[in-house]
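Consider the two complexes below, in which chain A is the common component and chain B and chain C are the respective partners.
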Partner chain A sequence: MNIFSKNFKAFKELVVFQPTQAPPPFVVEETEKSGSTTTQEQTRLALEEHEALLRYARRVAITLEKVKNTLAEPAPNEKLASLRAELDALSKQKAHVSPLISTYSLTQDPLDQPVSTSLEENTLALEQLYNLPYNKDLVLRNITIPSSIPIVATLAFIDGLVDNNIISQTILEPLMSLGRENRDLIRGDTAPQIAARYLPSSQVKPAFFLREVTSGLNLGDTAIFFDGAAEALIVETKGQEHRGIDRPALEQSVRGSQAAFSETLRANTGLIRSLLRTNDLVTEILTLGTRSNTLCAVMYLKSVINPALVQEAKFRINSINVDAISESGTLQLFIEDHPMIPYPQALSTERPDRVAAALSEGRLAILVDGASFALVAPISLFTLFHGAEDFSFSWLAASFLRLIRLLGALLTILLPAFYIAINYFHQEALPTDLILTIGGAREMVPFPAIVEILSMEFAFELVREGGIRVPGMLGSTIGIVGAITLGQAAVSAGIVSPITVVIVAVTGLASYAIPDYSLAFSIRLTRITFEILAAMLGLVGLAGGLITIIVLLCGMKSLGVPYLAPVGPKTTPGYDMVIRGPVYSQELRPDELNPKDRRRQSSVARGWTQEAPAGKKDGS
Partner chain B sequence: MSFQPGRMGVAEGMALVFVTTFTSIFLTSWPLAIDSATTATWMLSLINGLIGIGVLYSQAYVLQNTSGDLYAACQELVGVVVTRLIAVYYIGIYLLDACLLLRQFAESTLLTALPELSFEIAVGWYVFLIVLILFIGIEAIARASYLFLPMAVLIVFIVVALLTPQYQFMYLAPWNGPGFPNVVMAGIHSVGLNMGILIPFILARSFQNSRTIKNSVLYGFGLSSFIKSLTLAAYIAAFGTGAAREKVFPFYEMARLVYINRYIQRIESLIIFLWAMMGILNVAIEIYIGLYLLGRLFNLPTLRPLIIPTALILAELAMFPGEIGSVIAFHHKVHWSFYNIGIYIIPGILFAAALLRARRRQSC
Partner chain C sequence: MLSRFIAAAVLAALCLSLVGCYGSKESDSVAYVQIIGVDVAAGGKRKITTQIAVPLSTSKGGGPPGTEEKAGTSKRWVFNTMLVSAPAEEANLLRSTMSRSPRESHVSVVIFSEEIARQGLGPDATQYIRNRDYRETLFMLVVTGTAEDYMKHNNPALESSISKYYELFFEKASETGTYLPSTLHEFYTRLKTPGASPYAAYTGINPMTGIANPVDHKQPEQKADAYLPGGIPRTGTENPAEFSGLVVFRADKMVGVLNSYETRAVAILQNKLPLGYIAVVDPLKPEKDMINLAIRCEYTKITADLDGGMPIFNAEVKIDGDIYGISSDINYEAPGNREILEQQIADFLKGQITAMLKHTQELGTDPVGFGLYLRPKLNSTKPLTLTSTSLLKFAAQV
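Now for the complex of A and B:
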């Protein structure tokens, strides 16, 4: 092949289409609706019905063989009793496999089927529901309980959700290891007898339908099926591995409790109860997600909270129709009043002490199993500026800190936009010396102020996001080094002016004063909008943005309670909203919550101020 | 009816009245009033206040002796036909005022803040914001107004205080004025500037009770009258009547005059915040009241579909006049004449009718 032919071939390969030799890539095919669903369903039902009948026939054959062998020679009473029990179980199974009942139960949702008297049927149903043998989580264990009439049983549990020691100690040992002499179980009433006499677990409940069985299994309980019994026992064996109670990672405080929620619902509700040890504290458990069946706890103080709030919260949670919810943040998005507005409408906290304080004010808390953050609602915008240590400090210090945080939020929102507006349209607002300094610094910068600010903020956001993602101490180091290097390099390169770096740095620093991460994020979004408005219309644009956001916030609600209370609408202040009053003057609960019990403490909370000192009561 | 706002309290009512009666301080109405009252112009606001209190108590009496709001009271006292005529009048007044304010605020944006901006964009920007906040609702607007109220009062006090070195108190001397009877007459004529005092009566169904309405008008209008009077006194003391009557935007000029040292001077840019916000709120409230009455008049189930068309029509109308001078002159004229019907005559008729009905009931 000469050079001409080679070049021609290469050119031809390049230009002329040739079908690829590689296998076709994976493409998910669209599901096509088939018209023969009814026929398929009927075939499936017939097949399953026949299989059930076959299983029954096989069992009858085996039992008859056993009867023949037993009766062939003189058998002891025990063996005869056992045989009688097996025949009883068989007759019960016969009732279940009668064609009418079988067809009816097969057309039902598998979860709605009753627990069968046949162990084989129950095992098959569970295998089908849990996709065995592909799914390795479900463990099925067959045992024989020694008694005057030995009872065959099957244990079912999900590996990883149960504590194996609990199963051994509270189920297997009592049922299997103890001597048979003491066991005298009456056939036909097996499950209640075993539950009452031989299972030492704190919680044992009967289950008559597979839905109850699977619900228990999914929570980490163990189900015990007995041959010949149309009910199962659900024994509490929860023992999921979980993180212990740790220090708060995001809401660290100088003073106050150092405990944080973990991922286990019951441990979290326990933490709250340990701070509010009262019978008045109610924990209602709801289930979320049609597939995840996540447990969710709604906690409140019954004698304090406005019942309408509880009713509304439960209504919203119960009305969620979604397959899975695994995080309290996701739940928050489903139940908040204004999902299109990024401002958080519930307080997300990892601190039990904050939740306890909120509950005692007449709010409610929502905890989700598997989430280490609790939701507190209703809240006002000002609640999001509260810090954990505010409750431990003197009222002056706490009020000062809150004002600093509010000022930080104002700076975050307004400072860059203000700079842009003045830089573009209102230079006369600055003293001449200052405007000359700014002008001098910007002289060599080739970009307009809005580009400078937005690019620096983008860099700052990258550093912030990178700092969060990089693990451990390295994250903060990268953040600091990145910010310094980027700032200096950008100024040295003449891309941005030093004043821009100062403004973006101050803004960034101020944004860290906002205690709530979601709120800080919303404020950052608002800031960018304001910057664009300021670049377009100066202070008029900024004023327009500000009025819109304030009217918007005034129109918002958190679980039906105004978001800007107690200032918009004005309500009776409780001395713990923006300015925190002395603890003894915080006599009333927040007015906007309309609690059942408005008074938090008596008008004279410090009784000792009204009496003589302890050592001088006798007048000496 | 879905356009009914929720329950409002004294704070919300007070803010609604304050914003709608105070905003005139940023516009040319008061410099024009100097023609009539010269050095005593600051008294006009106080006289307005006293008349306003009279209107307040008369209308409170009307509401106490009838049921519902001003519209329902009209229906009870003067019949359906007259009520409709009255409603049309008030719709016209509030929408006209909103239109004229929109034009003046757009012009003031061009004159004071953004000289390079196209006039249509300025009007469009204000209309966009007004539509946006109208969709959120009067309750939220009233609450936002309440939040701005202390800020507005504080800024006015700061400007008045910072102008102290510029004051010539001789400019306020009574012997330079037109005489007390003329000042009182001017005060009586200029009360139309305060149409906002009727808003709580129109929205009476949304307020908790008649006492809330009474208190909100009393506090809102009282505060507004006092601060307007103080500002006008400071304005005249700083500029003198000769220069003061020439200015188009009195408060802007006051802020511009501030010079304490080279760091505290020319603060007028910062005042833009105040008048822009107050202007937007005022126009939005007046459009809402116009639409609310329209809803009552035609028994409409909701107001929302009307917001955008009305705002667009008002924006178009605001852009009609060729120059701002004619708009200012027209606004001044209607303030001092046409608006007074809504302050004196209609409330007077309603009060008389309520009184008559009460006496008839007593005699029966």
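Now for the complex of A and C:
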């Protein structure tokens, strides 16, 4: 092969397409629906029924062999009793494996099947439900409970959700070691006897269906199956690792409680109960998600809250048909009255003291297991401007802070749109010097004012979002550095005018004065709409936008309560809406909630003002 | 629901895009006219001068780096003078001479030459009154000489904005009383209202030679001189423009001017003198000594009555005074002396008010607005329109 041939071959290999020698890449293909589902299902059912009968037959054969061996020579009473218990279990199992019942059971949802009297059947059912042996979370532990008639049992629990020490101390030790010589369990009533006499756990409840069993297992409880018993015991062994009570991350305050919710539902309900230590506080537990089985607590003060609110909240939560809910925010989206409107219709808070205050006003709280934020509903728009420390400060200071927040919201929503409207349509509305300054600042900027504002807003949002995502302390640093550098660089490059940077910065800063994050986000969205309206129609567009948003807000409800109450519709105003009155003057609960008990405190809340000082009661 | 929402949003967007306002203009695509000057030209035409702000120079440092130097050295405003047959034509021609769209909404002052004021301002002033582009707070001036010259020589050193210059000037008018702020709106109102005559602030350019040119009339108690624009003896590098005196009108025609002291008398009678400075002859040593005082006059009470069909006005003027300096070192705060000084001041101000009234009666004008006090006494405004101010009798008590 000469050099020409070599080069030609190399060139050919380079240019001409060569099928790749590498294995085909992984591609997720569309799932094709099978046309013969019914036939396959019938075959599967027949097979499973056949296998169940075979297992029963096998057990009968083994037991008969055992009986033959036992009766071949004189046997002690204990052995005979054990043999009899086994035969009893067999006879009970026979009832379950009769063809009619078996066929019916197999056609049901596996979770709806009853607990079998056969340990083997229960074990198999759990293995199928939890996909053993692939799934390593479920642990099955066979034990023999020493007794006058030894009882074979199987423990099932999910590793990671249970506390192994609790299992050892409250299940294994009592059942396997302690007091074995005195045990004399009555046949046919095994589970209730063990639960009543030998399990020291605080919570033990029977389960008759596999749904109850799996529900308990998923929550971190341990299920105990007994051979020959058509029920299991669910023992409280929860021991999931969780975060402790920490300081609030988003709702920090200079005064008031410094505790925040964690991800554990029961710890959270406990925090609330520690602030409202009354039998009147009700905690109802509901389950969310057909697959996630997330626990959800609805808390309220029974003698205060309007019962219709509780009824409606539970109705909405129970009606949710979704596979998984893992966050209170997701739940909020499922139950809110107006999902197409971005304004938050429930207060999301991480502070137990705020929840307790809301409950005492006649609102209800919804907590979701795994979520460190509680939902408070119903609320009004003005509730979202309340801060955590408002309740600790003087009424003057609290009112001032609330007005500042409202002003911040107004600035956030109006300032850029107002600038755009003035800049485009109403230059006469500004003092001459100001419009000349604005016009002069825009001299070298190549973009229209609306593009300037929108681009700076976009940059600001980028900095904000980036600052949140950057881990740890770097976040705020990058946010500040990014904002300063970006603004200065944009002005230096002549892309935006300094006045735009000032407006966007003031607007951005004002948006942080809004205590509720969701509300701040909604207001930002509204602001962008207003900016576009202002660019198209000037102040007329801005006024139209304002009217539209007010009409929209007037029509909104939060769990059936008007969103703009007590302003629209007008209700009896309290002293804790926008202006917070002196604490002793807040005698009534919010009118719009229609609570059972309207009065919060007596008309003379400070009894000492009506009496002589403590040291001078005797008239001295 | 979602489809209806989207349909409504699309419909709203379409409506807005179809019927949205198309008159929008970027703030940097507009030329801001700040001052308008109106002069008489040959052939019955008008010479209209516009003073337009140059934005870069008024916003130093506002632009990108590198523009400050240019801004500092460039002009703060430009002038555009045109001969036009009608004021409306000026708006057209102005748009033909510059790249930017001129906006009159920021015009702060309209300046008329004395010549045009004597011919009558009605036709010229009306267009600025009726045109809604102009603000109601539009100031009005009458200048000695031509408006064009005045505008070009009026170059304030302290202000970068010519609008601010005039605003500040009129804002502090109450600190002296020797000139009064005048708006076109007030001029028009007085023009259409029986019972008061229009007036306008009087301004001009000082030659800056340091030579005094006071008006000759002087009260016996008066120590200082009264001036008209251009007569104040001064030199220096400050702006040569100055305000002093008042232009008075009969109907829409200028009939004369009041000097600075007569103008202050008008201010006293109108309760527009919260602060003023006077110098009176020392009553106990009248040869060469004087007393300097700050006075405050906000409590003047004018009453009107009809005596057999003859209107009689009584003005009660209350003055607060604060002695600043006494060259004779006589203690005028001591009992006995104080009354002498008070009488001297009363005679001085009474004389000035009487002189002003006499002057305005001669001119047939009523800048104070005495007729307004007479209105409640009359069944209709018709007698007011027929009354000649020269027939009125005044009694001043200070």
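We adopt the following convention: the second predicted complex is superposed on the first by the 584 of 620 C-alpha atoms of A that agree within 3 Å, B and C clash if a C-alpha of one lies under 4 Å from a C-alpha of the other, contacts with A are read in each partner's own complex, and residues count from 1 in each chain.
Assume a contact is a pair of C-beta atoms (placed from the backbone, for glycine too) under 8 Å apart; a residue touches a chain by one contact, two chains touch by 3 or more.
Because the structure is a prediction, the values reported are computed rather than measured.
With both structures placed on the common chain, the touch criterion links A:Arg402 to neither chain B nor chain C.
In the superposition on chain A, contact is made by A:Gly440 with chain C only, not with chain B. By the touch criterion stated above, A:Ser492 is placed in contact with chain C alone, chain B being left untouched. Contacts of A:Arg354 after superposition: neither chain B nor chain C is touched. Of the two partner chains, chain B is the only one touched by A:Gly568; chain C is not.
Once chain A of one complex is fitted onto chain A of the other, the partner contacts of A:Ile547 are limited to chain B, with no touch recorded for chain C. Once chain A of one complex is fitted onto chain A of the other, the partner contacts of A:Met340 are limited to chain C, with no touch recorded for chain B. Contact with both chain B and chain C is seen for A:Phe425 once the two complexes are overlaid on the shared chain. In the superposition on chain A, A:His386 makes contact with neither chain B nor chain C.
Overlaid on A, the two complexes show chain B and chain C touching the same residues of chain A, namely 425, 428, 432-433, 537-538, 540-541. By the touch rule above, chain A contacts chain C in their complex via residues 340, 423-425, 427-428, 432-433, 435-445, 448-449, 491-494, 497-499, 533, 535-538, 540-541. The part of chain B that touches chain A in the complex is made up of residues 8-12, 109, 113-114, 117, 122, 125-126, 129, 132-133, 136-137, 139-141, 143-144, 146-148, 262-263, 265-270, 272-273, 276-277, 280-281. The touching residues of chain C, counted against chain A in their complex, run 1-2, 5, 16-17, 20-21, 23-28, 30, 32, 34, 53, 55-59, 62-65, 67, 103, 105-106, 108, 133, 135, 161, 163-164. Remark: chain A residues 422, 425-426, 428-429, 431-433, 537-544, 546-548, 550-552, 554-555, 562, 564, 567-570 touch chain B in the complex.
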